[in-house]
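These are the structures, in structure tokens.
Each of the next two complexes has chain A plus one other chain: chain B in the first, chain C in the second.
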Partner chain A sequence: MKNWRNILGLVLPLLVVAALALWPVFSGKAVDQETAFTILKAVALASSLNIILGYTGYVSFGHIVFFGVGGYTGFYLMSQQGWSIWPAMAAGGAMSGLIAFLLGKAILRLRGAYFALATIGVNQAMLALVGNLDFIGGPIGMNLNFKVYKEYGGAQEALQMAFYIMAGIALLSVIVSYAVRTSKFGLGLLAIREDEDAAEVMGVVAPNAKTWAYVLSAIIPGIVGALFFFKNGNIEPHDAFPLHTSIEFIVMVMLGGQGTVLGPVLGAVGYQGIRGYLLTSPIFKNIQLAVAGVLLLLIVLFIPFGVVGWIRNRFPQTRRVLQ
Partner chain B sequence: MTSLILQVEGVTKRFGGLQALTDVTFDLPERQILGLIGPNGAGKTTLFNVINGVYTPNEGRVIFKGEDVTGSKTYDMAHRGLARTHQIVKPLNDLSVRENVMVGACFGRENHKLHKAGGIADEVLEFVGLAERADQLASSLNVAQKKRLEMARALAARPYLLLLDEVLAGLNPSEIAEMVETVQRIRDQGVTIIMIEHVMHAVMNVSDRMIVLDFGQQIAEGTPEEIQNNPKVVEAYLGDPELADKLMRQADE
Partner chain C sequence: MDFLLANLVDGLLIGFIYGIAAMGLTLIFGVMDVINLAHGPIIALGMFSIYLLTTMLGLHPYIALILVAVLGLLLGIVIYIVAVQRVIDAPHLSSLLATFSVNMIIIGLGTAAFSTAPYNLEFSLGKMSLGSVTLLGSRVVGALVALLVTAGLYFFLYRTRNGRYIRAVANNRAAAELVGVPSNRILALSFGIGTMLAALSGGIIATFFPFTILAGGTYELKSFVIVVLGGLGNPVGALVGGLILGLIEGIIPTFMETTWVPVVEFVMFVLILLFRPSGLFGAKQ
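Presenting the complex of A and B:
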């Protein structure tokens, strides 16, 4: 009885991801595939951010830095060193994880707003650094030679492949999120979120747990970064480290429900839906970021635990199902 | 022969100019209940915080089971077999009561896996009388229940030494009686206990030995009977009007 309910906590978000992956296959439209790619990317990034933001309670405001680091690492290896996409993605993820590890040792000592500010600083510092490194193209960035796609059967096929890899990464991010949520490690993170001092008194080694949560939340964004810029064909500092996108991912996590597996998935779908509408609407198309800001404000004021959190509180019997 | 579980040697703790603890020294044999009393601000909770690693003392040593643990981290102390409750309860609000207790079992001395920890949590919740609340959120408990939750979390770690910080405060007489009984049952299981308490009749009843702190100084130590008849203790609690007057005049000058 308890088991199938627990499994449902994993199955629900997986179904959402699977539906997104299959949608363009059935509709057969290239534009749908682009939209689905963007949403799946958002699912993967939001679910990863949720590990540090939702489970551990540390607001990583500049989390997009790991997307950029992975993107630059992967792109450099593919365009300058001739690596293929798979090892380049692995390297992107590893580099992001490594940087998160080193950063975590330094800035995870900070609590509350100070940590959030530090992560913004890290992103902006990385943006400035990358713009000044000539071997990765400085402010202009790098381009991928079109011939690279031949290895995968042509540009069209490479695009197709990138979509399925993205779907795979999104699935993986949900599974990782669920595995953390239901593990002993995850229980320690939740304890830190609720009261770090009390957690330590009970024996949770908070400095280590926080660092590993941060590393884990950085790896998938790194992989996604490498894949995204492979598909994109070029990389520039401002595309790799866009702070405003970082804020959008926080909105997604908060909208869906921080600290749950399903929340960030729904938040990503919902937010991208709203954003798609705003971008095509004549009134809102220039101020869609302002709308994101207002949305965040409304969420924090009225449903601080997001849609899933609201449902969980309103209908306590759903708590086991909506992990 | 009973061995010493805790030795506190000349512990002094200062916060800026405030002398919170001055040269506190005592030994605690296994399986005893030590009552720690004193007026508000006497340094009782500070002493707990020094023992469990929240603060590092400025001077002196804390020896736990024969090892010098002065300045260890709180989680190190938890792993070594020390557990405590907090005077101001610290429930993990958005977790269920059962999950709260599982944290204690998972990360405490015995370092259990999640599944095993669930079993221990159920046992301990039964023991402290919170079993029927297991699936509620910790934030939904009342004060008495939150105190029990603090106790359950500490017990789930299966500690050697348990520090209880005012677990009776704010409870009504029947709740106090229940809690005192629970404390005695814990000791019967072989756990050594130090309890800070203001509910005098209760702490006098359960303690084997007592220490009285006043302004960070150890002013008395002994059996409950000895403490009860100690003039210094009476003065610390009831105050000396003449002395207070003198101190006020000194402060004015």
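Presenting the complex of A and C:
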């Protein structure tokens, strides 16, 4: 009985992701598949961000940098070196992980607002740097030759395949998130979040734990980046390193509940749902950003631990189930 | 050589204006430990206020600037009461997101009202020549206004009662409260002054550069770099940081392509955060 309950903390978010993946299959509409792709991408990125932001308590404001790095790495290999999507995705993830490792060694020494500022700086530096490198297209970026999709049976089939890979990555991100949360390593991260100095006294090697949490939270965005730009067909600096989008993922994590497995998943679904509604509604279309801002403000002021955190506080008996 | 000299002077003049934008950001951080992510949109609001006041009411831009300062102060106090007050003691993430939501609200409404098309103030003070260097009049006056504002801020912080209160709260809020400083009022005032400086810098920039509602973002990022250069929470450092950034922007294009400027700026930004977190002039840790 006890084990069954514990595993529910994993099953619940997995069910949400599975439902998202199956939704376009049943509805059969191409539009729904696009929407589901966007939400699944958000689930994967928000869940990864949650490892450093929610579990470890380090506000990575420019986390989108890993999405861009993976995207550029994968895209360069596919368009200039003729790699296929699978090794390109692996390379994108590996490159993001490597950069996170090197960066983490340096900037994770900073705490609080200083760390947040440094991640913004890293993202903006990368954005400006990529625009100056001619071998990856400089400010114009790169295009994929339409022929590369032939390998996968045509553009239509490649699109289909990208969707299922995305669903797989989203599932993987949830499993990783759960595994970290329930492991001894994860407990160390939570201890760092609560009080880093105390955690070190209790035997958590904080610099190492933080670095590996950062690396872990960077790999999946790297893989997603490679896949996303493969589907997109072209890549530009401003599409790969958008600071605003980076903050949107923080909003998703906050909305659902930071530091929980289910939170970022619900947050991603909820945020994209609200955003989709605002963008298409005739009343809010023009001021959708302002309305989203008001919603964010209300969340920050009144339910700072997000939906899942609020439920856990309100109904303590759900704590075992909602991980 | 003349080219370099002209660039240097130009950079220096702009640097004063960057400086007051950054002073606003650093004042807010120093007093309440909040990084104001609505800084950029407020700079943009300063630009558009000048535009509206001069085109619709026919005011002279420099007179309109006074009105912009008053409006900026009031806006800042409103933002503080609505968005910042409740999260001031919460973890950093809360105050970052609260000010970011203000950012989204301003940009959202601003885009609906003005679209993202560029605007331009029809205003010129001609050119003046200093030896071999030719300067735009509006930039020289802009730099002078920025200096005046800095002097005013200095006088306010060091010679008035409220200014002393602000410094006391920045130094130690709990202790200031113990000796009877009305800390909440002082925090609201500090936030107001911070936004006032942002709006003023936007207004000055609008007198010589075209602008869009999104233009503030660039200056916000520049303000981050400057604030870190000068030490977070140090207004005098911010002015010097502004001048340094202006000089860098003036020098780099003479031997590198302009597109490398942001690379240098942000790499420098991260390095200073890592190795001199209290700024170039702060004490070594």
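As a convention for this text, the second predicted complex is superposed on the first by the 310 of 323 C-alpha atoms of A that agree within 3 Å, B and C clash if a C-alpha of one lies under 4 Å from a C-alpha of the other, contacts with A are read in each partner's own complex, and residues count from 1 in each chain.
Here is the rule we go by: a residue touches a chain if its C-beta (ideal position, glycine included) is under 8 Å from a C-beta of that chain, and two chains touch if they have at least 3 such contacts.
It should be emphasised that the depicted structure is a prediction, and the values quoted were computed from it without experimental measurement.
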*Using the superposition described at the top, determine whether chain B or chain C touches more residues of chain A.*
C
*So, does A:Asn143 touch the first partner chain B, the second partner chain C, both, or neither?*
neither
*In the overlay, answer first, second, both or neither for which of chain B and chain C A:Thr245 touches.*
neither
*Based on the superposed arrangement, let me know which partner A:Asn234 touches: chain B (first), chain C (second), both, or neither?*
neither
*Considering only touches as defined above, state whether A:Gly112 meets chain B (first), chain C (second), both or neither.*
second
_With both complexes superposed on chain A, which partner does A:Gly121 reach: first (chain B), second (chain C), both or neither?_
second
_Touch test for A:Thr38: chain B only (first), chain C only (second), both, or neither?_
neither
_Of all residues in chain C, those that touch chain A in their complex_ = 29, 33, 35, 82-83, 86-87, 90-94, 96-98, 100-109, 111-112, 221, 224-225, 228, 232, 257, 259-263, 265-267, 269-270, 273-274, 277
*Could you pull out which chain A residues touch chain B in their complex?*
183-184, 187-188, 190-191, 193-195, 197-206, 259
*Would you tell me which residues of chain B are touching chain A in their complex?*
52, 54, 73-75, 78-79, 83-84, 86, 90-95, 99, 102-104, 106-109, 111, 113-114, 117, 153, 157
*Touching chain C in the complex: which residues of chain A?*
53, 57, 59, 61, 106-107, 109-110, 112-114, 116-118, 120-122, 124-125, 127-129, 131-132, 139, 247, 250-251, 254, 258, 286-294, 296-297, 300-301, 304
